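In what follows, chain A forms one complex with chain B and a second complex with chain C.
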Partner chain A sequence: MRRTLPVAIAFTAGMIMILDGWLNISFINTFANRYFMRFITVSSTWAVGLGALNVVRIHVRAIGMKRPNYGFSYVLLFFFFTMIIFGVFLERNTNNPFYQWLLASFRVPLSTAVYSLNSFYLASACYRTFRARSLESGALLIAATFTMIGSVPMGGAIWGGFPIISDWIIKIVNDAVIRAFSIGLTLGTLSQTVRNLVGIERGYMAAGE
Partner chain B sequence: MDIAALRVAVKPFFEGWLKTDSNQMSLASFIIFICFASLVLRYWYIAVRTNQPLPKLRRIAGLDAMDESIGRATEMGRPVVYNAGISGFSAPTYAALAVLNYVARQTARFDTRLIGCFASAQVMVVAQAAIQTVYMEQGKADAFRPDDIRFLSGDQFGFASGCVGIMQRERAAAHHMFGSLAAEALILAEGGAAAGAIQISGQTNNLQQPFLIASCDYTLMVEEVYVASAYLSQDRLRIGMLSAQDIVKAIIVVVIFIGAIATTAGSTIVQDLLKVY
Partner chain C sequence: MEENTIWHKLSNIDKRIIYVVMLFAVMIPLLKPLGLPLVYQREVIDTLAVIRSFPAGTIAYMGCEVDVSNSAELRPMMIALAKVMFELEHKIIIGGFWTDGCNLAAIWLGPVLDSMGAVYGEHYVILGHRSSPTTILDTARIDWIDAYSDRDINNMKLSEMKVMEGLAKASDLGYACIMNPGSPGTATYTTAWTATGTMSMILDFCTSGMYISAGANYQAGLTKGLVGGLNGAAQFEMLVNHPDKAVRSMDAQAFGHVAVIVFLIIGNVGYLNIKKLEREAKGE
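Showing the complex of A and B:
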């Protein structure tokens, strides 16, 4: 029962959603769009609450047990509760000026700063990869060199062939591989969905293998 | 062939019950789904009811390295960090959870610490319960540490910096990235490399694939993520599913090939047939 019931629920819910995608059957369409969508919203909201509890519990425990770097937990909890108080309980909720100021002055710059790390990480990842240790990495190095040189104006000034080769690599080779990936991915997704629906894949259940 | 006449002839059969999409490919995609479902049933029968041999799976270095990476973490007495991507429940996340089950089983067996990082609270709740069940099945219920299954942030960069911080502070020996990743993929991978972790990635975003190939020790090429659970378990049913998937893929490749030849010859018959309803 512990394994059969979740599989039965997953199968019924999944089939309703799949049939809703293709078929014009009013009770299936109504059920999928009205009840299932509402259920997804409700369950997501509950899960957000559980996620928040998880964060609070871990950091309160870190402070209580004075784990290494527990000072950061104070910072996290302070901002966590400040955002909740100003965004949920005080006037104008998420339009509250202080809440908006916190967002604009902390969250946005911090996010941007982390995103900008990508440029440095890209350089270090390229440095490690672009060493011709094998035939494959040699081919990657050559393709990358042509693509990079051909994509900057100076490349065309050095030799007119660079932009043409670069364009060919991006439009023909790259596109063909991406399309092959896409077909494989779509079928893989379909296969994963069917495995979940019929209960072959139970990794998402706390019901064991 | 008069495609317009065919469309008119076909319409009454499907109009009442089959939805149309903007590309007019509802019928084609529905037929592919039916083909796939039929093949699944066939292979289900073969796998369960007969001893007929199923195709062997080719070696996938990234999945072979899973045990190696967990073994390395065990020898070094350092944790394995697992992150299941940034999306909520989607096909890649389900695949990631299947791999997580395997990783949890191995870490429970070897008494290695497993830290799970999640960007979706929903996925975290499910993963926590699933990992706990695996530990109980292995008779290691006491070794399960709920505090190590962490919801970090729903924001992709918040999640990435949290995960990198954990890898650096806990000195992770292995970092497994599965599921759906976006712009934070490279931050995670380089953060893991800086922590000295052996890294295995398997995600489904074409745009992030080159970054992960560049920065991870092993990378599963997009759809290999969906093969992972069959490969790791060597379960006949799951391998049967892959056979069904490969047959449908072969059919699609044949259609593409015929379409390419027809288009080169100046005919649009394949596109027209695919868009008949």
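Showing the complex of A and C:
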């Protein structure tokens, strides 16, 4: 029973969704959309709540045990609860001016600054790792160079052929590979889905038992 | 073999030098743009033609699947797109499943649309963030208002808004423009709507990182439009006669790319010559 019931639930749920996608039968579509899929919304909302609780638990514990850099946990918890109080409880939407100010004046510029630093790390990492160690890596290097120069206006200004070569690499060579990759991925996903549905794959149960 | 040759130095440049060169390569064109001419891609021209083919009053969806991390590329696209949609008198329904997507749309698009004379609830609406995109998009195929629990980002009733008139289900949309940084992204919408025959007029506005897979989908006809990366955003801005941040940033990106390419060449020249010296030292 411990094995059969979860497999039966997974099979039924999976079949309802498959039938909803394939068949245009009113009561199946209505049941799947109006009732069944609400479970997904409810469970994902619970997952967000659990995630939030977990963040609080980890950082409260870090403060309690005075782990290295535990001061940052104070900052995180302060902003975490400030955003929740102003974003959820005061107006029941995100229109609170203080919430908007925190988002526009803290979150956006700080995140932008962090992400913009990536370009410097990327440049350094490219220089250190992108070496023509073999014929294949040499081909990759040449393709990357043509793509980079061809995708900016300077490439076209230097030589009109750069954008054409870049376009050819992206639209012919890459597309062929991406399609092959996508088809393989889809077939793999389908076979994995069937294994889950019929109970061959039981990894989603505790230890697969 | 001596390990302090010019080739070793070229192959092992201090990262601080790389950072400083990159800083200048990006900063100088930002301060003094060169205005290098753009090379227009067929797909960007065609995407705009598709949008312009819809008459006034068309209900259009803008999927703001954006985050601060991809804002450099997607923000200019969103703003240029919102401007052209409003100029064409299309009703704009703004949604999104990335956590900050709709909040950022309110910050970035709200003031732009308001300054053009758009009225919230009449010309555009922001639906607000929802989790579980598959559920929402699938429910929207049957009942749009129900999918969004009849509430927008401001907790106002969608069913009482003028902009929502004529939008009962997803198939009532004329077209949908999706900002595509990954997942959720355009594939989420094509799976929910195109694959089910609900609506196929989905236009892809993707980051340069997604351009490869988005291009394959566009070529296969899964999406009906494609604008990719900052380059695509700059072309789109120029085509809609609203040159802005993307156009101004293109020179900086060009110089950044050239700096990376120069470092790649220097590093590889150093590396290949070291290998040659090593072979000579071994007597090969």
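What we mean here is this: the second predicted complex is superposed on the first by the 180 of 209 C-alpha atoms of A that agree within 3 Å, B and C clash if a C-alpha of one lies under 4 Å from a C-alpha of the other, contacts with A are read in each partner's own complex, and residues count from 1 in each chain.
We adopt the following convention: a residue touches a chain if its C-beta (ideal position, glycine included) is under 8 Å from a C-beta of that chain, and two chains touch if they have at least 3 such contacts.
Because the structure is a prediction, the values reported are computed rather than measured.
Novice: Regarding the shared-chain residue A:35, is it in contact with chain B (first), chain C (second), both, or neither?
Specialist: After superposing on A, A:35 lies clear of both chain B and chain C.
Novice: Thinking of the overlay built on chain A, is A:111 touched by chain B (first), by chain C (second), by both, or by neither?
Specialist: In the superposition, A:111 touches chain B and chain C alike.
Novice: With both complexes superposed on chain A, which partner does A:182 reach: first (chain B), second (chain C), both or neither?
Specialist: In the superposition, A:182 touches chain B and chain C alike.
Novice: Just chain B (first), just chain C (second), both, or neither: which does A:149 touch?
Specialist: Once the two structures are laid over each other on A, A:149 reaches chain C alone.
Novice: Which partner does A:21 contact after superposing on A: first (chain B), second (chain C), both, neither?
Specialist: It touches chain B and chain C both.
Novice: For A:44, is the partner it touches chain B (first), chain C (second), both, or none of the two (neither)?
Specialist: Once the two structures are laid over each other on A, A:44 reaches both partners.
Novice: On the A-aligned overlay, A:124 touches which partner chain: chain B = first, chain C = second, or both, or neither?
Specialist: A:124: touches chain B and chain C.
Novice: Touch check for A:81: first (chain B), second (chain C), both, or neither?
Specialist: Neither partner.
Novice: Determine where on chain A the residues touched by chain B overlap those touched by chain C, and list them.
Specialist: 21, 44, 48, 107, 111, 115, 122, 124, 126, 128, 178, 182.
Novice: Going by the contact rule at the top, pick out the chain A residues touching chain B in the complex.
Specialist: 18, 21-25, 43-44, 47-52, 54-55, 57-58, 61, 68-69, 107, 110-111, 114-115, 117-118, 121-122, 124-126, 128-129, 178, 181-185, 187-196, 198, 200-201, 203-209
Novice: Which part of chain C faces chain A closely enough to touch in the complex?
Specialist: 13, 15, 18-19, 22-23, 26, 36-39, 41, 67-69, 71-72, 100, 103-104, 106-107, 128, 131-132, 134-136, 138-139, 141-142, 146, 153-155, 195-196, 208, 211-213, 215-216, 219-220, 229, 231, 250-251, 253-261, 263-264, 266-268, 271-272
Novice: Would you mind writing out the residues of chain B in touch with chain A in their complex?
Specialist: Of all residues in chain B, those touching chain A are 16-19, 26, 29-30, 33, 36-37, 40, 44, 88-89, 91-92, 94-95, 97-101, 118, 120-122, 124-126, 129-130, 132-134, 137, 147, 149-152, 154-155, 157-158, 160-161, 169, 183-184, 186-187, 189-190, 193, 204, 206, 209, 211, 213-215, 221-223, 225-227, 229, 233, 235, 237-238, 241-242, 244-245, 248-249, 252-253.
Novice: Residues of chain A touching chain C in their complex?
Specialist: 20-21, 29-30, 32-34, 37-38, 40-41, 44-45, 48, 91-95, 100, 103-104, 107-108, 111-112, 115-116, 119-120, 122-124, 126-128, 130-132, 141, 144-145, 148-149, 151-157, 163, 167, 170-171, 174-175, 178-179, 182
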